[in-house]
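Several structures are given next for inspection.
Below, chain A partners chain B and then partners chain C, in two separate complexes.
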Partner chain A sequence: MNEVGHFAICTAWLLSAYAVVFGAIAGYRKNTKIYLSVVNASIFVFIAELVAISCLAYGFLTDDYTNQYIWQYSNKSMQNIYKVSAIWGGMDGSMLLWCFILSVSVFFLARQSKRISGNLMPYVISIANSSSLFFLTITVYFTNPFRFLKSIYIPPDGNGLNPLLQNPYMAVHPPMLYMGFTTLAIPYAFCMGALLSGSLGNEWLKLTRRWILIAWAFLTAGIVMGGHWAYLELGWGGFWAWDPVENSSFLPWLTATAFLHSVMVQERKNMLKIWNVWLVVATYTLTVLGTFLTRSGVVQSVHAFASTDIGWVFLVYIGLLVSLALILTVYRSKSLKSEKKIESIFSREAAFLINNLIFLSICFAILWGVLFPVFSEAITGEKQSIGIPFYNAINVPLFLLLIFLMGVGPLIAWKRASFKSIIRTFLAPCIVAMIFGVALIAAGVEGFYPLLSYTLCFFVLLTIIAEYTRALRIQRASADKSLIAGSTTLLKRHSNRYIGYLVHIGVLVMTVSITASMAHKVEKEFSLSRNETFNVGRFSLTLNKVLPTETENYNAVYADVSVTTTRDNKYYADLKPEMRAYSRNNENTSEVALKMGLREDLYLVLAGINEDGSRASFKVFINPLQVWLWFGTVIVVFGTLLLIIPKSKEIFIDAS
Partner chain B sequence: MAIYICALLSIITAWAVIKPYFQSIEGTAQFTEKTDLMLLHDQKNRVVHMLRDLELDFSTSKLSKDEYESIKNELSFDLSEILKKIDNSK
Partner chain C sequence: MNRLFISIVLVFVVVGGLAVFQATRQTVSNVLIPSELISEKSPEKLLRVKVGGKVSSITNYILEPSIELKFNVQDPGVDINPQSVSIPVVYKSLKPDMFTEGRDVIIEGEYSDGILKANKLLTQCPSKYEPPSPDSQYKKD
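Up next is the complex of A and B:
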C-alpha cells in the first residue's frame, strides 16, 4: 500500500499544479470548459488524498513496518484509536493530514463554485489549489510518509507513539486545529481571487463569510482542546503557558477575529477595504508562519516536531504570499479606496476599528515574544526566550480593554451618536457594575486585575441583557407576539447581531474562568505516608496506599488518595495519580488525577515515591471555576455554528 | 494489486479532467461581468441594510429623535439617488 499511497499524493500534486495554472488561464480567458476541468481536478485532488491517507491508516492498522514512518510511530500493543492518531504523531503524517483536510475544504469550494457564476471563482480555485500545491510539495519532496524502512529485515514491532500523545484529546486536537488552519486558506483564496479578477465589490466578502466562521469555530475549538490536553497531560496545573507553538496557533485566531468584526464595517459602509484584505492575508500568512515555527526547529517547544531542514521552503512561500498581496493591492488601489470616512469616534465603526487595533497589538506582542529568541540569537549569538510574565503584562490589560469594548459595542449606534445618548445608555450598566465591583471587594476578592476583570465581565453581561430586553420589548409590542415568537423573530431578522452577543457571552464565561483559575489558584507540595492526611483549601487528602500496576504498554505505580471536605468530613473523591514508565520508548510520564467541579478543579500529581514505597510526594492544585473555560468554549463554538446556518431571505432582492 | 489501484485512479482522474473539454457547456456556470445595474443594486442593498440598523438603533434608545431623523434623512436621500440611477439605467 506504500506504493499506492505514494502514487496518490503524486497524482494529487499534479492535479493541484494543473488547477493552479489552468484556473488562472480560465479566469483570464473566461473559458468555461477549462474552468469546469479545473473544478473537477480540484475534486479529484481530494479523492487522491483520501486514497493516500487511507493507505497510511491501513498500514498503521495492519502494523506494516516496511514503512519507515509507521515503524517509527506505532507498535503492536497500541490501541487502534492511537494507531490511527499516530498518523499525525510525527511530521510526515501530520503534513499529509494537513494536505488532506485542506483538500476537503477545496473539494467543498469546488462544488460550491459550480453554482456561482462570475469572473471571481476561477481565480479563487486557482489560489486555493496553490495552497494545496505548496503543502503537497512539502509532503512529496520533503516529508513523505510512504518511505520504505531502510533495513534488510522487517522488524517484528515498531517504536511506538510518544506516551504524551496517547490521549483521546490528542486524537482529536490536531485534526480540529488543522481544520481551522486549512479552512483559512479559502478566505485567502477569495481575497486574492477578488484582487486578481477585479471583482472588488462585497461579493467576495459574502462568499467568504461562512468559510471564515467555520475556520474560526474549528480554530477556537482546536486551540482550547489543545489547552485541555496540556491541562490533563503535562501535570503543571495550567492550560496555557504562552508556549511558542501555542502562540503560533493563537496568532491567526487574533487576526481572524479582528476580520470578523471589521468586515461588518465594509459590508455596511464600504470602508476598510484595504484593511480587510490585509487582515485576510495576514491571517493566512500567520497560519503558514505557525506551521513553519512548529516544524523548522526554530523554536523550542513541547508541542514542536523534531527539527527539519524545510524551514527555507516555508520562508520562500511566505515571501511569495506577502509579495503577491502587496503587488495586487497597489495594482487595485483605486478600486480599494474607501467611499466614506468614519464620521465620529462615537460610532460602532470607530469601536470596531479600535477593537481591530487592540487585536493587532496583542498579535504583534505575541509575535514579538515568539520571534525574540530567533532575533536575539542572530544578533547576540545567545538564544534568550521570553516568559509568561512578559505576555501577561502586555496582554492582560489589552484583553480587558477588548472586554470593555464588547460592552461598548451593543450600546453605540452605527454612523454617529452623540455623547449625550452614549451617557444615557451607559450610565445604568456602569453604575450597577461598579456596585458589583464594590461588593466583590467587600467579599474579600483581591487584586486589581481580577477585580477589574470580574467587574468588566458583569458590565458587558448587563449591556447584552439590556440590548436583548429592549429589542425584544419592541418586537413583541410591534406585532403583539409571545416571548418565544418575539425572540425567534429578533434572532431571524438580526441574527448576526444577537447570535453574536451569544458568542460574546461565551467569551465572558471563558474570561471569568481564566481570571479565577489564574488569580485564585492554590498550589501546594507535600508528602504523605500511609494513612496520613494533608489539608488544602476546603479539602483533606489522605493517602491510602501506593501500588504498582502494569499494562502491555507501560509499568506504573499509583497512589490511592481519598479526598473529603475538611469542614464536615464528607466524601468528595478518590484520586489515583500515576507515574508511568513506557519501556519501549524509555519515557516516563506523570498521569494527573483530576476531580472537576463547577466550583473548582482538584488536580493531584504524584511527584515521587521513596525507595521502599512508604512515602509519596505530591503536588496539588485547586483551580477555581476551571471547568467554565470548557463550557464557555462550547457556547462560543455553538453560537458560531448558529451564525453559519443559512438564514431566511434578506429583505432586499439581488439584481441577479 | 497496487498497480491496478494506481491504474484505476489514473484513468478516472484523467477522464474527470478531460471530460469538460468535450462537453456542451449549456446550463453550466457562465462568466458574467457585473453590470452597472448590479453594482447599483449592491449599493441599494447596503443603504437598505443601514436603514434597518438605524431603525433598530433608534428603537433600542441608542439615538435621540434628532440624531435618528438626521441620519435617516441622509440615508433616504442616498437611497433615492441610487433608485433614480437604477430607473435611468433600465
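Up next is the complex of A and C:
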C-alpha cells in the first residue's frame, strides 16, 4: 500500500502543477477548453489524495510496520479510532491531512466554478491549486508519510500514540482546525483571481465572504475544541495559555473576523477596498506563517513539532504570497480606489473601522509576543521572552473595547449620526446597564475589569433587544398586526442581520464565561484520609477509598470521592480522579474528574497517594460558569452555519 | 486621502505601540539554560527567568502539608550526566503530566540563593517527541 500511496501523492502533485499553469493560461487566453481540463484536473487531485490518505489509513488499521510513520505513531493495542487519528499524530501525516482537506476545498471550488461565468474562475482555480502544489511539495519531498522503515527487521509492534493524544477531542480538533486553515486558501485565491482578471465587482466579494464564513466556523470550533481538550486532559484547570501554537491558530481567526465586518462596509458603501483585499491576504499569510512557526522550531513552544529543516520553504512561499498580492494591488490600484469617505467619527463606517483596528491591534500584539524571542535574540543577542501577563495586559482592554463597539456598531447611523439619534438609541440601554453595574457592585462583585465586562455584555444585550423591539413595533404598525406574524416577517426579511445578532449573543455568553473563569476561579490543595471531608465553595468532598485498577495499556490508581452540597448535605456527584502509568511509553498522566454544572465546574485532580495508600492528596478547581463557554461557542458556530446555508434567492443571484 | 481615516489609524498605531512597549518592558523575562543561569553576574536579570532544561533527577515529591515538587535540571540536549551543571528547582504544585527524568521542561520563576523557585512548569507537549530508531530497540531480539 505504501507504493500506491506514494504514487497517488506524486500524481496529485503533477495534476495540481498542471492546473496552476494551465489555469492561468486559460484565464489569459479566455480558452474554455483548457479551462474545463483544469477544472477536471482539480477534481482528480482530490481523488488522488483521497487514495493516498486511504492508503495511510489502511496501513494504520492493518498495523503495517514496514511504514516508518505508522511504526512511530501506532501500536496493536490501540483502538481503531485512535489508529485512524494517529494519521495526524505527527508531522508527516498531518501535512498529508492538510493537503487532503485542501483538495476537498478545491474540489468544491471546482464544482462551484461551473455555475460562475466570466473570466474570474480560471485564475481562482489556478491560485487555489498553487496552495495545493505548495503543500504537496512539502509532503512529497520533505515529510513523506509513505517512507519505508529504515530497518532490517520488521518490528512486531509499533511505538504507539502518546496517551495524551488518545482522547476524542484530540482526534477531532486538529482536522477541524485544518479545515479552517485550508479553507482560507480559497478566499486568497478569489482575491488574487479578482485582481488578475480585473473583475473587481461585488461578485468575488460575495463568494469570498461565504468561503471565509465556512473557514471561520471550522476555525472557531477547532480553536475552542483544542481548548476543551487542554481543559479535560492537561489537569491545570484552564483552557488557554497563550502558547505559540494556540496563538498561531488565533491570528488568522482575528483577521478573518475583521474581514467579515469590514466587508459589510464595502458592500454598502464601496469603501475599504484595498483594506479588504489585504485582510484576505493577511489571513491566509498568517495561516501559513503559523504553520511555519510551529513546524520549523523557530519559536519555542510546548507544542512544537520536532524541528525540521523545511523552514526556508515556508518563508519562500510566504514571500511569494505577499509579493503577488503587492504587485497586483499596485497594478489595479485605480479600480481599488474608495468611492466615498468617512465623514464623521460618529458613524457606522467609523465604528467598523475602529472594530477592524482593534482586531488588528490584538493580532499585532499576539504576533509581537510570539516573535519577540526571535527579534530579541537577533537584535540584542539576549534571549528574552514575554508570557501570559503580557497578553492579558494588552488584550483584555482591547477585547472589552470590542464588546462596547459590538453594542454601538450595528445601531449607529451610516454616514453621520446626529446627536439626537445617538441619545435616542443609546441613552436607555446605557442607563439600564449602569444600574446593572451598580447592582453587581452591591451584590459583591469585585474588580474593575470583571465589573466592566459584565456591564458591557449586558449593555450589548440591551441594544440588541431595543433594536429588535423597535423594528417589531414598526413592522406591526405598518403591516402585520400579530406578534408572531410580525416577528416572522422581520426575521425573514433581515435574516442575515438577526443571525449576526445571534452570533453576537453567543460571543457575549462566551465573554461572560471567560470573565468569570478568569476572575472568580477557586483553586485549593488538600489531603484526605478515608472518610475525611474537605469543604470548598458550596461543596463537601469526602474520600471513600483509594483503589488500583488495570487495563491492557496502563496501570492506575483512582480515588473515589463523593461530593455533597455543604448547606443541605445533598448528593451532588461521585468523582474518580485517576493517576495512570503507561508501561509501554513510560509515561505518567493524571486523569481529571470533572462534574460540569450550569453554575460551576468542579474539577478534581489526584496529586498523589502516600506509601501505604491510606491518604490521598488532591488539587481542586472551581471554575464558575465554565460550561457557558462551550454553549456560547455552539451558538456562534450554529449562527455561522445558518449564514452559510444558501438562501434560495441568493443562489439565483450567484448563478446569474 | 481621507483625513479622518488616517487620524483614527494614527491614534491606534501610537497608543497601541506605546501600550505594547510598556507591557513588554514590564513582563519580559530572560531565557536561559542552567549553565548560563549559574554564570549570570547581574542578579536583577534573575528575578524573572525562563529556563529550558532537562530533568536530571527528581529528588522529592511531597504531598503534605502542601504539595511540593523538588528536582534538578541540567542543560537540555545532552544525555543525563552527573558531572554537568545542575540546579535545584522547587515547584509548589502538582507534578505535571509526562514529567519524568530525562524530559525537557520549561520553568518560569525566580532564581535566588542557588535555587530556582518555579511559578510555572511545563513539560514538552507529546507531539514533540520523535521516538528512537527501531534498530536501537530491536537489535537485541
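Everything that follows uses one rule, which is that the second predicted complex is superposed on the first by the 639 of 656 C-alpha atoms of A that agree within 3 Å, B and C clash if a C-alpha of one lies under 4 Å from a C-alpha of the other, contacts with A are read in each partner's own complex, and residues count from 1 in each chain.
Note that in this section a contact is a pair of C-beta atoms (placed from the backbone, for glycine too) under 8 Å apart; a residue touches a chain by one contact, two chains touch by 3 or more.
Everything numeric here is computed off the predicted structure, so don't read it as measured data.
J.: Is A:Asn40 contacted by the first partner chain B, the second partner chain C, both or neither?
T.: In the superposition, A:Asn40 contacts chain B only.
J.: Classify the contacts of A:Gly447 with the two partner chains as first (chain B alone), second (chain C alone), both, or neither.
T.: Neither chain B nor chain C is touched by A:Gly447.
J.: After superposition on the shared chain, which partner residues are touched by A:Ile345: those of chain B (first), chain C (second), both, or neither?
T.: It touches chain C, and chain B stays clear.
J.: Applying the document's definition of touch, where does A:Leu149 land relative to chain B and chain C: first, second, both, or neither?
T.: Second partner only.
J.: Please work out whether A:Pro168 is in contact with chain B alone, chain C alone, both, or neither, and reply first, second, both or neither.
T.: Neither partner.
J.: Should A:Glu3 be classified as contacting the first partner (chain B), the second (chain C), both, or neither?
T.: first
J.: Touching A:Gly319 in the superposition: chain B (first), chain C (second), both, neither?
T.: neither
J.: Starting from the residues of chain A touching chain B, keep only those that also touch chain C in the other complex, and list them.
T.: none
J.: Flag every residue of chain B that touches chain A in the complex, lowest number first.
T.: 2-3, 5-6, 9-10, 12-13, 16-21, 23, 25, 28-35, 37-42, 44-46, 48-50, 52-54, 56-57, 59-64, 67, 71
J.: Which residues of chain A touch chain C once you look at their complex with the stated criterion?
T.: Chain A residues touching chain C: 71-72, 89-90, 149-153, 155, 159, 162-165, 233-236, 300-306, 338, 341-345, 350, 353-354, 357-358, 361, 364-365, 368, 372-373, 382-387, 389-390, 393-394, 525, 527, 586-590, 605, 607-608, 610, 615, 617, 619.
J.: Could you pull out which chain C residues touch chain A in their complex?
T.: Residue list for chain C touching chain A: 2, 4-5, 8-9, 12, 16, 19-20, 23-24, 26-32, 50, 52, 61, 63-64, 66-67, 93-100, 106, 108, 122-131, 133-135, 137-138, 141.
J.: Tell me, which parts of chain A touch chain B in their complex?
T.: 1, 3-4, 7-8, 11, 15, 18, 30, 32-37, 40-41, 43-44, 47-48, 51, 113-119, 121, 199, 201-203, 267-270, 411-418, 420-421, 424-425, 467, 470-471, 474, 494, 497, 650-656
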